[in-house]
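Just below sit the structures, each encoded as structure tokens.
Each of the next two complexes has chain A plus one other chain: chain B in the first, chain C in the second.
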Partner chain A sequence: MTADILFQVLVSGLLIGLIYALVAVGLTLIFGVMDIVNFAHGEFLMLGMYASFWAFALFAIDPIVALPLTALLLFAVGVIVYQTVIRRILKAPMLSQIFATFGLMILLRGLAQFFWKPDHRLIPHSLVSGNVAFGPVQFGLPQFVAALGAVGVTGALWMFLHRTRLGTALEATAIDREAATLMGIDGQKMFALAWGIGAACAGLAGGLIATFFPIFPEVGSNFILIAFVVVVLGGFGSVTGAFLAGIIVGLIEVLGGFLVGPEYKTAIVLSLLLIVLLVRPRGLLGKA
Partner chain B sequence: MTTGTNSSRKMAGTAALLALAAILPLAVTEPSQQNFLILILMGAQMGVAWNIVGGYAGQVSLGHAVFYGIGAYTSTMLLLTLGLTPWIGALAGGLVAAAFALAMGWPCFRLKGHYFAMATIAVAEIMQILVTNSDALEGAVGLYLPMDQSGWGVLIFLSKLPYYYVILGLLVLTVLVSWAIERSHIGYYFRAIKDEPEAARALGVSLTRYKLIALTVSAFLTAMGGSFYAQKEMFIDPGSVFATTISIKIALIAILGGVGRLTGPVLGAVILITIEEYSRTLFGSTGSGTDMIIYAAMIILVAVFSPSGVLGLLGDLRRHLPGAKPDTVKAEKMEIRP
Partner chain C sequence: MRFAPAITEPTRLSKANAATRRQTIKRMLAAAALLTTTALTGIGFGAAPAHAEDEIRIGVIYPLTGAAASTGVELKAAAELAAAIVNKEIPAPPGLIAGVGLPNLKGAKIKLIFGDHQGNPQVGATEAERLITSEKVVALTGAYFSNVTATASQVAERYGVPFLNGESSSASLTQRKFKWFFRTTPHDDLFVGNFFTFLGDMEKKTGDKLRNIALFNENTLWGNETTKLQVKLSEEQKFTIAEKILYPAKTTQMTSEVQRIKAAAPAVIMQSSYLGDAILSMKTYKELGFLPKMLLANDAGFNDSEFLKTMGKDGEFVISREVWALDQAERNPLIKQVNDLMKQRAGVNFNGNSARAFTGIAVLADALDRAGSTKPDAIREALQKTDIPASGLIMPWKGVKFDASGQNELGTGIIVQVQGGQYVTVWPFDVATKPVVYPMPAWDGR
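The block that comes next holds the complex of A and B.
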């Protein structure tokens, strides 16, 4: 194995890892704020991809240009999901919560299949296409732009949570719900906001990868298990942790696939989940 | 409340139900309808088995497909390579699954709530990937049972009727085991672990030991259900027995009926399989997605409106009827926090 190949592998791991990070920050935000694991998170990504696809197919808007629209649309979807389903199960047993979001996952897949057929779709001729070469290392421009976008969105989310009043209120709710309520923060509003932002992040990830990834109703299943691993590794509720963990998981997946065989890469990532759960259940940066 | 008359009334009810189940195929002779009944019994058997660990002991496993698959693959491989009768093969599958449950439960039971559920998903998914890539198990191609044999020895039949009685027998066995646990001191410990783990620990109940007992028994019975699936379908592949969707369906059956009670999963299976099969035949499963939408809508409705399942809903109704006894037992709710 030459250094060039290793470097190539690491770069592709980093690029996909940043996408995993963006999917996972939304998931971890929702969990951090309200202790609910969203099994339908991959479907938000799927909806983001379809939003890009239809913007392109119907109005010839490039996926990259359509990103703000995708974010707004998915924010609305997240809030609607919260108001119609999640709000009613806040105090329900854990099992009910798991099954509510699990049902949501199947519902969204079913609706996508019903309206848009199970076919694989692709967006041809995006603004970003072709390859970039850095010395001996080559990678696709779409992948590079997607990773860059993921860093930008995650960074913006971090700024929002730490530098704005509303974001700080959201953080406060995540840290201590009751104390936050006593300080006059409207918990319900924060919960809805968390779902909106969480869904928008997943939708943006979908929009970013729509330039190079096939679009189909079950595409979310490729991402949800990995997003769980990222969230657990980063520490439930930690946005910074999810960002770091996303990169680590991306690197381990690509490196493991390269060393052991691509058919085992998901098994390797899931083994990582088990190891983290057993050795350090609170993850890298989670609350003890 | 006089428990004596209550339990003898229950006994009579169970006997009547069993008698009805035994003669039902005389009235339902159409093979496709008999198949439908078999699917219900299979679902009920899985749900009752899951309920032992997920309901009584409150440890939510979303990876039960791993036991189901182990059962299906063990009995099928023993039949294909050694010509061993599935009667013994299913027991062997149960033992392998039980051993696997011990090995998996030992570390995983340190985890609670969401974390335990997630770990079980990961274990089943890893297993599916390993089997898919195993040449010895024919990988993604899957295994076919011998098409040229039939009879009680190889447990392969041309008609549906024998399958019906075999799965009915397995369901009765599973219910009996479950019932025996419910009545014994082990059952009390399970409920103590679920409702008051700290108090149970303080009283000297070894949480891990009883959780392991629950998982092991549940795994054994689930694996036997997997062996039956292989015999009935005569074909298995990783996607049909190890998939997470199967784990979810197993848990869903128990939750739908009412978790933690013996009759819950049976009722859950009747409802879930009926809806699943009817939405499939009515709307077709050829990718229109309608069956998924109905299935999903039902899951969400139950999760949102009736966390204690249909039995809980019936209990609520009964309490609102005139002349209802105030001490009617409430359906147990799942309450676990990480």
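The block that comes next holds the complex of A and C.
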């Protein structure tokens, strides 16, 4: 095996890893703020992909240009889901919470299949298409742009959480809801905001991968397992942790698949997760 | 685990207000759940158990939701078309076996009761059980996925109900010594064997060496069995396996897989994929700038009409095995006539999968009519005596006639290539309508 191939594999792993990171940050944000696991997160991704698809198919808007719209739309979906479903189960037993988001997952999938048919769809040509080659290493421009977008969005989210008043309020709610309420922060608003931002992240990820991944009602299920692994590995609720963990999972999956055998790629990732949990149960950057 | 009510205390709202709200929400959720179930199972409200005397109920199990739902919906449309022809709801082209109807059953009509297996063998078995015990079907057909056909037909075997499989190609299905299992389609042994014969023929034609192959198969029952057989045939016929990969079909990336194949540089790839992974692998070949001289696809995802529609010109020149191609209409006028009916009803052309689903129902109806009864034993006996000539079918087969294992011994396969956005027959050379485009043009040379 030559160094070229190894380098190529690492680049591919990094690119897909950044996408995993973006899918996972939304999930970890929601969990961090309110301790609810959102099983419908993959479906937010799916909705983001369909939003891009329809923007392209009906109005000839490129997925990349449509990103702000996709983000806004999914933000709205997140807030609506919070207001209609989640707000009512905040104090419910954990099992009810799990089944509520699980039910939402099945509902969204069913609706997508009902209205948009179970077909696989692709966006045939976008602003970003074709390949980029750096010497012997080559990769698809869509994948590259998606990875860049993932870095940008995660960076922006980090800045928002740490450098703005609203973001700090969200962090405060995550750390201690009671104390935050005493400081005059409206918990309900913060929760709605977390769902909006979390869904928007998934939607953006959907919009970015819609340039190269087939779009179908079940597409969320391909990504959600990996997203959970990333969240746990990074530490529940840690955005930076999810970002790092996403990259690690992408690299390990592609590299491990290449070296050991692709049939083991998921097993390799899950073994890594088990080892990390044994050594460091709270994940890479999780708070104890 | 606690069994507390979902909401233990109303928070800020007044009690009464909260109660009505909760009721509204509950009702909305119930309605939503009902809607979902209806949409998911594809069974409408009309599936009440009351049935007329002259109605022969046949259970049809397909993946109507889940990753393969788009294929399942086409299979369902094909089965419904066949039933409509048998029931004489639409006039049949002369000569078609299904057009005979059910004269020996005094004009009784068949009614298809659909079950959705979601691509899951356990669900498939449960659906088979439901169709037999509560829907009282007299025979079962389906289920496209070989692993689901395996479990669903086990249930049928246990209850002693005939199971006619039209489109699952895993060879082992007819090696189980089942009494009640019949299969019209040829199985993988024949298809996979054809590829090796084809490669031999191509070597003679082009003078190139095509003995260095990569096996690239998904890792359920179908992919595993295909791999085993390919390895066996490679050894027997002196082919070298440069790389052998079994990959998980539900995946987010196929870079590691394609990278490994690229590093092994085979002349030919033999690939077995379902739709989502077929699309993703083609995208990845292109992304990594790699193609072999020939890509030999093992039907399934590559032959789904969605594949050609979504891939456009990136799907060109893939070679696949088929049981059916529209261009064979040049040799059999029934193909065009029945395809026109399908296009009118469902808006799509037949493909290898839906044509086989159609044929499955047609063969079952033929047996029902000859049995002249809906007793399982009579149907089974009639199936065993099936002898349908090629001229009554829309398949390029020599006919339908079951051997002792329940396998149709008159089935044959063809090899097709995507040219100009559709599959055309390229092998056997004597039935080919177009020559093979060889080698596959590189991505940047198109």
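Just so we're on the same page, the second predicted complex is superposed on the first by the 288 of 288 C-alpha atoms of A that agree within 3 Å, B and C clash if a C-alpha of one lies under 4 Å from a C-alpha of the other, contacts with A are read in each partner's own complex, and residues count from 1 in each chain.
Just so we're on the same page, a contact is a pair of C-beta atoms (placed from the backbone, for glycine too) under 8 Å apart; a residue touches a chain by one contact, two chains touch by 3 or more.
This one's a predicted model, so the numbers in the text were calculated from it and none came from an experiment.
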Once chain A from each complex is brought into register, does chain C clash with chain B or fit beside it? clash
First (chain B), second (chain C), both or neither touched by A:Glu178: neither
Under the stated touch criterion, which partner chain does A:Phe114 make contact with: chain B (first), chain C (second), both, or neither? both
Check whether A:Pro93 is in contact with chain B, with chain C, with both or with neither, and answer first, second, both or neither. both
State whether chain B or chain C is in contact with more residues of chain A in the superposed arrangement. C
Counting only touches as set out at the top, which of chain B and chain C does A:Gln8 meet: first, second, both, neither? second
Superposed model, chain B vs chain C, clash-positive stretch out of 7-15, 25-33, 43-51 or 313-321 is 25-33
Per the definitions at the top, what is the overlap between the chain A residues touching chain B and those touching chain C? 88-89, 92-93, 95-96, 103, 106-107, 110-111, 113-114, 117-118, 217, 261, 263, 266
Which of the residues in chain A come into contact with chain B in the complex? 35, 37, 85, 88-89, 92-100, 102-107, 109-114, 117-118, 217, 225, 228, 232, 261, 263-264, 266-267, 270-271, 273-274, 277-278, 281
Residues of chain A defined as touching chain C within the complex: 1, 5, 8-9, 12-13, 16, 19-20, 84, 88-89, 91-93, 95-96, 103, 106-107, 110-111, 113-114, 117-122, 124, 131, 133, 138-140, 143, 212-214, 216-218, 221-223, 226, 253-258, 261-263, 265-266
Any idea which chain C residues touch chain A in the complex? 1-2, 4, 6-9, 11, 22, 25, 29, 32-33, 35-36, 39-40, 65-67, 69-70, 72-73, 219, 245-248, 250-257, 259-260, 263, 275-276, 279-280, 283, 286-289, 306, 310-312
In their complex, what parts of chain B are in touch with chain A? 60, 62, 107-108, 110-111, 113-115, 117-119, 121-123, 125-126, 129-130, 132-133, 248, 251-252, 255, 259, 287-293, 295-300, 302-305, 307, 333-338
